[in-house]
Amino acid sequence: MSVIGSGLTVDPATEELCVELGKLAIDAGFRVATGGLAGVMEASSRGARSSQLWNDGDVIGVLPGYQVQDANPYVDVAIPTGLGIARNVVVVAMADVVVAVGGGSGTLSEIAVSWQLDKPIVALSSTAGWAAKLAGELIDDKRSDPVVEARTAAEAVDQALKIVASQD
Amino acid sequence: MSVIGSGLTVDPATEELCVELGKLAIDAGFRVATGGLAGVMEASSRGARSSQLWNDGDVIGVLPGYQVQDANPYVDVAIPTGLGIARNVVVVAMADVVVAVGGGSGTLSEIAVSWQLDKPIVALSSTAGWAAKLAGELIDDKRSDPVVEARTAAEAVDQALKIVASQD
Amino acid sequence: MSVIGSGLTVDPATEELCVELGKLAIDAGFRVATGGLAGVMEASSRGARSSQLWNDGDVIGVLPGYQVQDANPYVDVAIPTGLGIARNVVVVAMADVVVAVGGGSGTLSEIAVSWQLDKPIVALSSTAGWAAKLAGELIDDKRSDPVVEARTAAEAVDQALKIVASQD
Amino acid sequence: MSVIGSGLTVDPATEELCVELGKLAIDAGFRVATGGLAGVMEASSRGARSSQLWNDGDVIGVLPGYQVQDANPYVDVAIPTGLGIARNVVVVAMADVVVAVGGGSGTLSEIAVSWQLDKPIVALSSTAGWAAKLAGELIDDKRSDPVVEARTAAEAVDQALKIVASQD
């Protein structure tokens, strides 16, 4: 699962949601990949690490620069790329399912790329920004499966599990 | 100027608008860069070529694959990249101003990346899709200059000229 | 540790060396990243999986295309990128140390990029190709530490351990 | 034609050779693409601009960062990519023929990528570094056409013309 969302400081409610999302994702058997930086990326990585089922290697951070030190401290596998913003494509391309939290233009571009790459998308509608705006919507008419709405972290992981199960 | 929009067949009105957009852009002294393929990309390249002021080299196509033959026949400088969808970042990063026409998820991701890279964006609101939806809007609160709305090709080029002039 | 080398079928001696290299790398506490495909990449991934100390997540494959199915069966974490040959930059950029085995032009480009990115390089001189040719050499005068020569898988892992220890 | 070579200050003889190479390339009807920065890239761009046959748009610079200002002053079309070192792949992928001058690890990686992408390569053997070392050689056994040796700028452009003619 790739979790996408703002790298800026998030409000306490969103942070809590991200921590729970990361934890429940690991509990459910997912790995958690992010862009490796702060904000939503850090909070979901921190949550992932807090799961009883966490194994070293489960938390992946795909960084825009070349410095492994840029990764937040909860990343197990830091992947510096030097690709700048184009690293967002990698964050999405490696996902079995993409979960969007809040989000500005960076998150919007990742949702759009997810759609292009035919990745299932779950959007947390309880957070502000593009995730909420696009929850339940079709991005364009090339796909018939909308962005799946989830109101809580638990719902998001449940939906992600259902999607992955339906693809096997 | 980078023109972004669908690679699928476009309706006659949109095609005509793109042809005019490309022509007026060259008339105004811009180069025209696109993703080099069909649809909006081809029509705007064709228009660019039809300008009296067109010089060989003014129409650039940044391709997702490695085959120069994938470029539409109106591209002067074909740039195969092999980067897949990540080539969209290059189309945007090379622009002084980005003009969005119609558009599905690919165009949406390019608008979002343009916003991230602080590129001025002009959106044709008379065409369907994300260009119309986002015309006049702020994508997030990191910038205070909205996506500029243009209703016609002439308006789009006028706005692009004003933006570029204001940056000098 | 990133292991770089040919994606073509390798001779039995090289295959055996790669298997041992992967196994010893995991035994020594490294993760093993490769380009995720066949040949050297598959053999070293297979070896990594055979270590008693292997944990799920230790074997990473960074793929040139978008299809997770392209990964060899020993990859734990498949990372489709769609970046084509440019994915080689990611394979190198994510490494603490790069180990080169045999190798043609692809491996040569990865050795050169490793040098550019200031990554320590260990080259197996007992295998044919560019690894042997560059073992012990300076690629250019921007660095003073040569490509480190190793004649066996055990020597390569020892050298890699020493390099990483010296950097802490 | 893409000209690859060091971004560092070059000695006067190499600079003169690059200026002549750029000029003769434009005289012969090529466009000249480089990595857009200093050294070999700047000298060959300057030469290209000095040709009587130069048209605005003939000199292209594909930059590693996002800043168009990073381009040397002789670039007509600056293409910021933000891709870091991975932009080297684009410089090569867009070429009909690649000409290598002098060069350290960056140039070596570009020669190797050119080989992988089946691009014809001409190497100036009169300049130090990897161009001279690989002139006349096969990089690996996947191709049967060696890196073509040229001792002068005139010879390099002649060889490039012959190669392009033979491909039509």
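Note that the chains take the letters A, B, C and D in the order they are written out, and that residue 1 is the start of every chain.
Everything below uses one rule, namely that a contact is a pair of C-beta atoms (placed from the backbone, for glycine too) under 8 Å apart; a residue touches a chain by one contact, two chains touch by 3 or more.
Keep in mind the model is a prediction, meaning the values are calculated, not measured.
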Furthest chain, CA centroid comparison against chain D: A
Chain pair, B-D or B-C, that carries the greater number of C-beta contacts: B-D
Whole-Å gap separating chain B and chain D, where each centre is the average of the chain's CA atoms: 29
Averaged-CA centre spacing for the pair chain C and chain B, given as whole angstrom: 41
Residue list for chain A, restricted to those that touch at least two other chains: 66, 81-86, 89, 117
Contact footprint of chain A on chain B as seen in their complex: 83-86, 89, 103-106, 108-109, 112-113, 115-117, 129-130, 139-142
Complex contact set, residues of chain B against chain D: 31, 55-58, 60, 66, 68, 76-83, 89-90, 93-94, 96, 117
Touching residues (chain side chain A, partner chain D) in the complex: 66, 81-86
